[in-house]
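Please find the structures below.
Shared between the two complexes below is chain A, which pairs with chain B and chain C, respectively.
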Partner chain A sequence: MMSFYFGRLVEIYPFFLKGLWMTSKIAFISLVSCTLIGFILGIFRSSNSLILKRVVGVYVAFVRGTPFVVQIFIIFFILPEWGIQLDAFAAALLAMAIMGSAFICEIVAGGINSISRGQWEAATSSGLTLIQQLRLVIIPQAMKVILPPLVGQYVLLIKDTSVVSVIGVMELTRVGWVTVVRIPEGLMVFSLVGILYFSISYPLILLSNYLERKMSM
Partner chain B sequence: MIEFKNVNKWYGKLHVLNNINLKIPKGEVLVICGPSGSGKSTLIRCINRLEKIQDGQIIVNNTPVHDKATNLTKLRAEIGFVFQQFHLYPHMTVLRNVMLAPVNVKKMSKTEAEKISLAKLEQVGLTEKSGSYPAQLSGGQQQRVAIARGLVMSPEIMLFDEPTSALDPEMIGEVLDVMVNLVSEGMTMCVVTHEMGFAKKVADRVLFMDDGKIVETGTPSDFFDNPQTDRAAEFISKILTH
Partner chain C sequence: MLVDFNFRVIFEYLPLFLTGLRSTFLIAVISIALAIVVGIIACSCRISSIKILKYPAIAYIEIIRSTPLLVQIYFLYFGLPTLGLKIPEIQTGILALMLNSGAYIAEIIRAGISSVDDGQIEAGVSSGLNYVQRMRLIILPQALGVTIPPLLGQNIVLVKDTALLSLISVMELTRCGQTMTSERFMPAEAFFTVAFFYMCLYFCLKALADWSQRKLIFREAY
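Then we have the complex of A and B:
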């Protein structure tokens, strides 16, 4: 019996590759957007402006305090009520960007806050603009603190892409669901799903460990 | 060149600068001393607006420093600032530390910036360290790099905030020597320091602060040998017996 299903599984293997491709696509696009937005929010969060700090703080608190599934449902089911139509793929990307950027924001703000005030003052006194101070002096030093948890966060975000299956995006987890209906070998099907996720995240886990060791030197 | 007009500043309830009026003409070397917490560091940090003031005016080269419309970047580029803790950029080599502002603020070409940066490093006697990182240098060497980093922008004013206080005693001399050389170039300097030797040798004027007020000013010999106020006399006897 088992071998019979295994044969079927080999048959529909391309279907899994498609799911893997979709997962990679969502993961890649959202990692890039989360990083960009997360850095900007993190800079706001660590800025001297009380308003920016508070606004970003509320955003982060809200995102961290609600389940990701609920956030996706809000975006996918409630936005259309307000006349904003999004297909499942776009909704998934938007939800990922909102969720991931909040977590990355905290990591970036923590890194920036770890840099002593003297560095800001020295850069300020030389006549560098705020953007230059960040780009040339502060962020390069903060990266040492930011990088290891950032890569760790990437691993979490990649795994969180599985949640977007709930709105019907045909990514890896969804492929597993659909397959298991036709091939009732849950363990086998979802082991394969798990292995495919692991193949993306494990290199990043190794990278995170490596960075952790390297940066602590 | 630098003028304080009725300057007041508070940290919460603490009146850190209490009605400061002060004129520093071009080329003057002013030494500011006083007990810790007297507002002396705050005073010079207001000159390039590292600190804001709540009342009064500070004018540098006819520019009102604390005016909203003031181009701070340009103003700050004309004022060198040397910190007690050096604050070199640890992720850059000595040469890149010095080159950073010329390239990014003055938009100089890399080759040109490198040339003048090396010249300034030579002036502070550290040409051979240009490829090192700050952590590889002694405190005295780091502070000399910090001075070169200020000088490379050809400022008209150099501000020093206790430049030798964080140094081991045997390194104080090398930093003071560099500063004395600047005096002979006619640089306008405000130096917060307790180095009486330096003050006596090169200062045009000594300013004594206490409780956010300018208590006394005078030539170094008048001030140290014949202080007018009890507080100044007490302070001088303390740093002498120290």
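Then we have the complex of A and C:
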């Protein structure tokens, strides 16, 4: 019986590769957008403006305080009520961008806050504008603190793409879920899904460990 | 937008939400307790020099850390029955959360233990303490202060992770929101209420974690 199902599984293997492709697509787009938004929000969060700080703080608290699956439901079921129609793929990307950027924002803000006051003052007295200060002085130094947890966060984000399967995006977990209905070998099907996820995220975990060792020297 | 937010329905469903909140809380507490036990066992295998304990522990930790929790839940939910084990969804869920968090907790404890300086261990050896005494008197008291704040952080993650159990039809907070949505078709009321309850749990745990951070990391641990 096992070998029969194994044969079936080999037959529908391309289906899994399609899921893997979809997962990689969602992961890649959301990692890029999360990083961009996260850096901007992180700079706001560590700025001197009290209003910006508070607004971003509330956003971060809301995102970090609720489970990702609830956020997806809110975006997918409630936005249409307010007249914004999104298909599942767009809703998934939006949810990922909102969730990821809040986590990356905290990492970036932590990195920027770790830079001493004197660096800011030196940059100001060298006549650099605010953008130049950030780009040339602060961010390059803060990167040392930001990079290891950032890569760790990327791994978490890639794993969180599995949750968007709940709104019917045909990614890897959804493919496994659809397959297990037809091939009732849960261990085999989800081992395959797990191996495919492992192949994406394990290299990143190794990279994160390497960066952590390197940056702490 | 929020003008026609129907509070009457929320109050009508409040008992349901409160039972959901209670089961989320219970699932989280049970899973955390079990996960700490699993974490301690996995960590002691991971740092031991016996190869037959060490390599399985490494494999367990790395596999769990590089696959999504949802896949692990489905693996157990669809996989255990094919092995002939028919256990209720809630126990499958707790098992998945326990195994998942256990791996992270093992790494947290290991980081705490390795944060203790080698010189301390050498000093213990030269004072004539044996392995158990060194662990009990020198390493663990110092490691504990470094371990507890991230451990509480992991608890916050675990409480949010319990929401995924709604997908294998465990009747917890998120599932209550889904129930209300399907009965009344009021997703906004349902999921904002659910989010509100999760936020309450989050702020309590966050306050605890921040407090422990201030109280416990006082020594030169880094």
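Just so it is clear, the second predicted complex is superposed on the first by the 217 of 217 C-alpha atoms of A that agree within 3 Å, B and C clash if a C-alpha of one lies under 4 Å from a C-alpha of the other, contacts with A are read in each partner's own complex, and residues count from 1 in each chain.
As a working rule, contacts are C-beta pairs under 8 Å (C-beta built on N, C-alpha and C of every residue); 3 or more make two chains touch, one makes a residue touch a chain.
Predicted, not measured: the structure shown is a model, and the values here were computed from it.
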Chain B and chain C placed together on chain A: clash or fit? fit
Could you say whether A:K53 touches chain B, chain C, both of them, or neither, answering first, second, both or neither?
neither
* Asked: Who does A:R8 touch here: chain B (first), chain C (second), both, or neither?
  -> neither
The answer to whether chain B or chain C touches more of chain A is C
Practice task
Identify the partner contact of A:F198: answer first if only chain B is touched, second if only chain C is, both if each is, neither if none is.
Solution key: second
For this session: Please indicate which partner A:V155 is in contact with in the superposed arrangement: first for chain B, second for chain C, both, or neither.
Result: second
Exercise for the section: Based on the superposed arrangement, let me know which partner A:F77 touches: chain B (first), chain C (second), both, or neither? Expected result: second
In degrees, rounded to a multiple of 10, the angle chain B-chain A-chain C between CA centres equals 100
Self-check item: First (chain B), second (chain C), both or neither touched by A:S165
Solution: second
Margin query: Touch test for A:K18: chain B only (first), chain C only (second), both, or neither?
Written below: neither
For A:T129, using the defined touch cut-off, is the partner it touches chain B, chain C, both, or neither? Pick first, second, both or neither.
first
The superposition places the nearest Cα atoms of chain B and chain C at a distance, in Å, of 21
In the complex, chain A touches chain C at residues 61-62, 64-71, 73-74, 77-78, 81-82, 155, 159-163, 165-166, 173, 176-177, 180, 184-187, 189-191, 193-194, 197-198, 201-202, 205
Touching chain B in the complex, chain A uses residues 116, 118-119, 121-129, 132, 136-137, 140-141
Per the touch rule above, chain C residues touching chain A in the complex are 1, 62-63, 65-72, 74-75, 77-83, 160-164, 166-167, 174, 177-178, 181, 187-188, 191-192, 194-195, 198-199, 202-203, 206
In the complex, chain B touches chain A at residues 48, 50, 72-77, 79-81, 83, 85, 87-91, 100-101, 104-105, 146, 149-150, 153
